[in-house]
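I've put the structures underneath this note.
Below, chain A partners chain B and then partners chain C, in two separate complexes.
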Partner chain A sequence: MLQFTFRRLSLFFFTMLLLSLLSFSLSYFFPGDAIINLSGQVNASQEELALLSQQYAMHESFFSQYWHYLLRIFQGDMGISMASQLPISDEIANLLPATIELSIISLILAMSLGIPLGFIAAIFHKRAIDNIILSFAIVGYSIPVFWLGLFLILIFSIQLAWLPSAGNISLLFEIPHVTGFLFIDILLSNSEYKWQAFYNALAHIILPASVIAIAPATVFIRLARSAMMEVLATSYIKAAKTKGLTNAQIIYRHAIRNALIKMIRHIGLQFSHLITFAMITEVIFNWPGIGRWLIESIYQRDYTAIQSGLLVLSSFIFIVHIITDFIYATLNPLARENKHGS
Partner chain B sequence: MCMKILHFLKFWPVKLLLSLSSCLLLLGCDSQDTGSIHTKSIVYCSEGSPETFNPQLITSGTTIDATSKQLYDRLITFKTDDNSIIPSLAKSWHVTRDGKKITFYLRKDVAFHHTDYFTPTRHLNADDVVFSFNRILDENHPFHQVSGGKYPFFQTVKFTELVESIEKINDYTVRFILKRPDSSFLTNLATDFAIILSAEYGEQLIKSHHKTLIDTQPIGSGPYKLKEFRSGSFIRFYRHENYWRHPVEIEQLVYDITPINTGRLTKLLAKECDVISYPIAHQKIIEHPELTLDSVTSYNVGYLGFNVKKPPLDNLLVRKAIAHAINFQAIIDIIYGDKAQLAKSLLPENSWAYTNKASSQEYSRQLAKSLLEVAGYQQGFELDLWAMPIQRAYNPNALKMAKLIQEDLAHIGIKVNIISYEWNTFLRRLALGQHDAVLLGWSADHPDPDNFFTPLLSCEATLTGGNRSFWCNKEYDDLLSKALATTNINQRKKYYAKALTIIDKEIPLIPIAHSKRYQARFKNIQGQILQPFGGIDFSHINKISQQQEGDN
Partner chain C sequence: MARDKIYIEEEFPSPLRQLWSNFKQTNVAMLGFSGYLFLVVLAIFSPLLAPHSSVDSNLNLLLLPPAWDAQGDVSYLLGTDSLGRDMLSRLMHGASLTFGLSFVVVIISLVVGVLLGSLSALTKGVKSSIFNHFLDVILSIPTLLLAIIIVAILGPSLSNTLWAIVLSMIPQFIHITHNAIKEEFNKDYVLASRLDGADSLRILRYSVFPNIIEKIITQATLAQSAAILDIAALGFLGLGAQSPLPEWGAMLFNGLDLFYIAPWTVYLPGLAILFSVLSTNLVGEGLRHAIQQRKES
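The block that comes next holds the complex of A and B.
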């Protein structure tokens, strides 16, 4: 396990190194002055710029510049947004939790829909129910996210007026910002409308979370189906059958557990897809998350924000990968022997 | 019962799933309940962020809508039904016979906002009035230069040149001394721009060295006070508990800033907004059982302005050719539908100074071509037409309008490039005169006809940025000042008719349409929000509860 941990940590280290190097070099690749791209100080005077380039060591070697860049990132200073002139670290701290919250809820939704359906399909392999689930998976996987989002808004917001179409909570509720995770903040707040706010936030998350969940859910269906079929074909299942266990006993006690372990790594892999879907969905549903912010930054040519936003988002996805790898390794000793990182 | 079923399902993920989904179902039902916070609050979906919270500093309608009648009061105000001037903070006033001294007697019971950042110790008195107007008049006033030192409305009506001084007679009496009588002085004081600030708050900010906060964290005496503002996102107001006029019914007023018009309509239909500005799909709103569409005939004009300083538009014949080449009736039909009428002059028909002498240019491509030939541009030329990026009542879709004009002008050999920027950039670049022609408009701040002539086309307004044609005509300016110097309505009518003829002859701009301003709301929101002049007003608004609504 120690060797496994070490391998993962070194992988983490080198990936982060490359990511930060890429992010740093972007300030040179983007049009305009590198120091302005790095700091976001678009309105700075000549003197201020001179002071900034001293702070950023712009006249020294690239290595030294990169080193200073890293030091500032570790101090939590990512410059200011060119568009809003607010510190980027503050903006990210405000927005990232909203995206994480949305993604986690979507992931739970996708898993709780996809995995059981996949298992059912595998158990009823080559029967009508299997075909129905598989066709649902293919249809779900082919629907474009933005189309589905607009379609759901059309039905549930405009026609039926059941669910809100924008934002993560009604503006009427004033929830103090503590953790950034809205549901936790609501429960922490001492507003007299706490539970109203909670239900309101829940009503707001249903549509975007369903939109994000649908594609990963269909992937989970197929993965769970094949994982289950693999397990059902193994010799220990056959042994269990010959022992005279009923089908239900075999599936509950043996098959599901072993198939689930295979799923855990895929959940980590699906997470990056999920974030991509979340970014598009955030734009459609006006969700105050980092995806919408990043896309708006691209529209506004806010290079400082693009650079730091990409760094933070990709590090976040990578950290999730590492964590799921660890969980997988803890649950499945066989994986630890795997020599090559993936 | 539920738990018993769960007990039979031994495997935990299934249990978890079932209990989770049942939880979600239960919660889902509860979330349908609108609950009490919604009955005491109103969400207004507006079209843009205000630039500042002080209407003295701007002329933009979006900012006026968000600030003027919500946060502040004026000395005097307009009565909604007949546009006469009625008391507000001043309970009465007196004008001397020569028209040069105007004395206001103030109310004694007007409380300022009590907020997180300011606690008033006294009620409104003469000091506040002197403080507010001296900020505009006196260059040595501690706040004159704060936020740029520009007061566009007051500059265009030549307020500084008109007012000799403001005197505090006693704590509740203020006297304005004018250099000459001016028939529009009282109407100017009743507009959304002539608001009263708190002098005590000013002193506090001077002590704490945060003078700029006076325009971003406002204190007024209006029906609502500012709680929170996030640019591009929302404005949150709370009611002013000690509002002098009447108790305010609504506890919380939120402006949900939604620049996209389909977004506003969606939010209305999804019940996220109670009221929306500038709605689209009027028929859909009228057919909806719970919604209603309001409109007022506003004093406004949408126009095509020419930069007369830039060749070839400095040539009158070219401007005339363009005026003949565009099919304005088609534009009205396509862009406005039945929401506007074709403008025959700068003034809308319901203004008392309107005369139907001034005629719009007839549509004739032949005539336009021959005019261009005479001007020496038979080969045609390129023209940069700037289309404003936002929707306004006077121009709901400037880009589409620009495309129609582009097509019309292509027939006489003029190649039109359509240009648009984000709104603030657009205005800034316009003021620099970078455009050839521009699609823009004007909403009057008060019913006096001078409010169309002076801010749009006077020489003075070329400096303050209101006159984007940069057209400056001595004769026209003389007529305007003569019209202001007299109180004889018939005399004024004659002067304004002459001014209209000059515009018609010189064509610094072509008036296109006078529109109605629309707003959509739920039927349970009661009271008049839209006003015929200037900004919207939430002070008399009430929201009747679900039950009462059910009875309706």
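The block that comes next holds the complex of A and C.
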């Protein structure tokens, strides 16, 4: 386990190094002056700019510039947004929790829909149910996410008027900002309309979360199906059968457990797809998250925001990746072994 | 011309031919394949087949509903959009933009990815390890995010998004080629030709590539369905194809303001995207199924 931890940590360190290097070099790739792109000070005078480039060590070597950039990131200073002139670290701290909330709920939704369906398909392999589930998986995987979002808005928000179509909570509710995670903030607040606010927020998250969840759910169906079929083909299942266990017993006691462990590994990999879908869905549903903010930054040519947004979002994805790897390794001793060529 | 069989000899079809004969047997896969061929024909010949111009507006015929509607006109089969442009012609032209360009994107990234992947599979030690770590980093960034960054550097336009998607697709081809080649190199038949004195490049060319090409093609179909969705998504976000171009995602975005008055301007491009992604995925699934079947037999 120690060696595994060490390997993962070195991978993490290396990745962060590359990501920060990429993010730093973007300020040179983007059009305009590197110092303005880095700091976001679009209205600065000549003297202020000179002072800034002193602070950012712009006249020194590339390596020392990068070092100063890293130091500032660790102090939580990512410059100010070119569009709003507010500190980017504050904006990200406000927006990232909304995205995390949305993506985690979608992930849970996708897993609770996809994994059981995949298991059912594998258990009834080569029968009608298997085919139905598989065709659902292929169609669900092929639907463009923005189109699905618009359709659900048309049906559930406009024709049926059941669910709201924009934002994450009705403006009537005033929730004090504590953690940034809306649901936790609502529960922490001591307003008398706490539960109304909670249900309202819940109604707001259903549509975007299900839009995001559809495509990953279909991927989970396939992964769960192949994991289950793999497990069912092993010799310990055969041994259990010869012991005289019924099919239900075999599946509940042996197959599901072992197949579930295999699934954990894929969650980290699927997460980056999920974030992509979340970015598009945030635009459609006007969700106050980091994806919509990033896409708006492109319209506004807010290079400082794009640069830091990339860094934060991809580190977030990578951290989730590493965490799932660790969970997988703690649950499954086989994965801790050093595999060559992996 | 029919070939006469003079000698009784056993014929061993090449891996690709075996793949095709397995692929043919699945009906759903053939259905997807015919849809795919239909799109290819549409993408190539759309300027000849389209009944009207895809960019000329006709101010007398704004927002004409599709022909099955009571107010529809049969010469504008799928209706017109807010500038009086014929939807059918725009969708047909869009096939060459969204579907055709996704094909080009995949071919470019396939060639680059396979070359780099073979190079990385032949190198060993630190160089290969650094390269793999680097790939892992790029693979952990979502393709759309990567594309957005590249569009931010180059500015929004259709050609820039294409380069962006090419760049974001290359790593997965490198990855799959690298792993496939590594796997093949451990097999006995490679050892046999190595004992015959073949060098690595020769083994790669004559022994390994014919055996891994099916894997690469399968990956290419999956990559193409992702590329269609990416091109359309970037068009929808206004970062890809710009307004007059009938790219399906951009068309969908243009129709958004009139969603309630003229829903066909939104659902038709969406259906077109769905159809093309679905047929590409069915072909990919069929290929994967055929490979699996051949391995089992």
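Just so we're on the same page, the second predicted complex is superposed on the first by the 337 of 342 C-alpha atoms of A that agree within 3 Å, B and C clash if a C-alpha of one lies under 4 Å from a C-alpha of the other, contacts with A are read in each partner's own complex, and residues count from 1 in each chain.
We take it that a contact is a pair of C-beta atoms (placed from the backbone, for glycine too) under 8 Å apart; a residue touches a chain by one contact, two chains touch by 3 or more.
In this text, all values refer to a predicted model and were calculated from it rather than measured experimentally.
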item: Combined model on chain A: chain C and chain B, fit or clash; value: fit
item: Which superposed partner A:Gln3 touches (first chain B, second chain C, both, neither); value: neither
item: Touching partner for A:Thr246 - first (chain B), second (chain C), both, neither; value: neither
item: Which of chain B and chain C A:Pro164 touches, first, second, both or neither; value: first
item: First (chain B), second (chain C), both or neither touched by A:Ser112; value: first
item: Partner chain in contact with A:Ser314 - chain B first, chain C second, else both or neither; value: second
item: Which superposed partner A:Ala203 touches (first chain B, second chain C, both, neither); value: first
item: Residue contacts with chain A in the superposition, chain B compared against chain C; value: C
item: Touching partner for A:Gln55 - first (chain B), second (chain C), both, neither; value: neither
item: Which superposed partner A:Tyr193 touches (first chain B, second chain C, both, neither); value: first
item: Minimum C-alpha separation between chain B and chain C after superposing on chain A, in Å; value: 5
item: Touching both chain B and chain C, residues of chain A; value: 158
item: Complex interface listing, chain B residues touching chain A; value: 10-11, 13-14, 16-17, 20-21, 24, 27-28, 30-33, 35-38, 41, 43, 227-228, 231, 233-234, 236, 252, 254, 256, 258, 263, 266-267, 269-272
item: Residues of chain A touching chain B in the complex; value: 84, 108, 112, 115-116, 153, 157-158, 161-167, 170-174, 193, 196, 199-200, 202-203, 206, 252, 256, 260, 286, 288
item: Residues of chain A defined as touching chain C within the complex; value: 11, 14-15, 18-19, 26, 29-31, 138-139, 141-147, 150-151, 154, 158, 272-273, 275-276, 279-280, 283, 294-295, 297-299, 301, 303, 306, 310, 313-314, 317-318, 321, 341
item: Residue ranges of chain C in contact with chain A within the complex; value: 133-134, 136-137, 140-145, 148-149, 151-153, 156, 182, 225, 229, 232-233, 236-239, 249, 252, 256, 259-260, 263, 266-267, 270, 273-274, 277-278, 281-282, 285
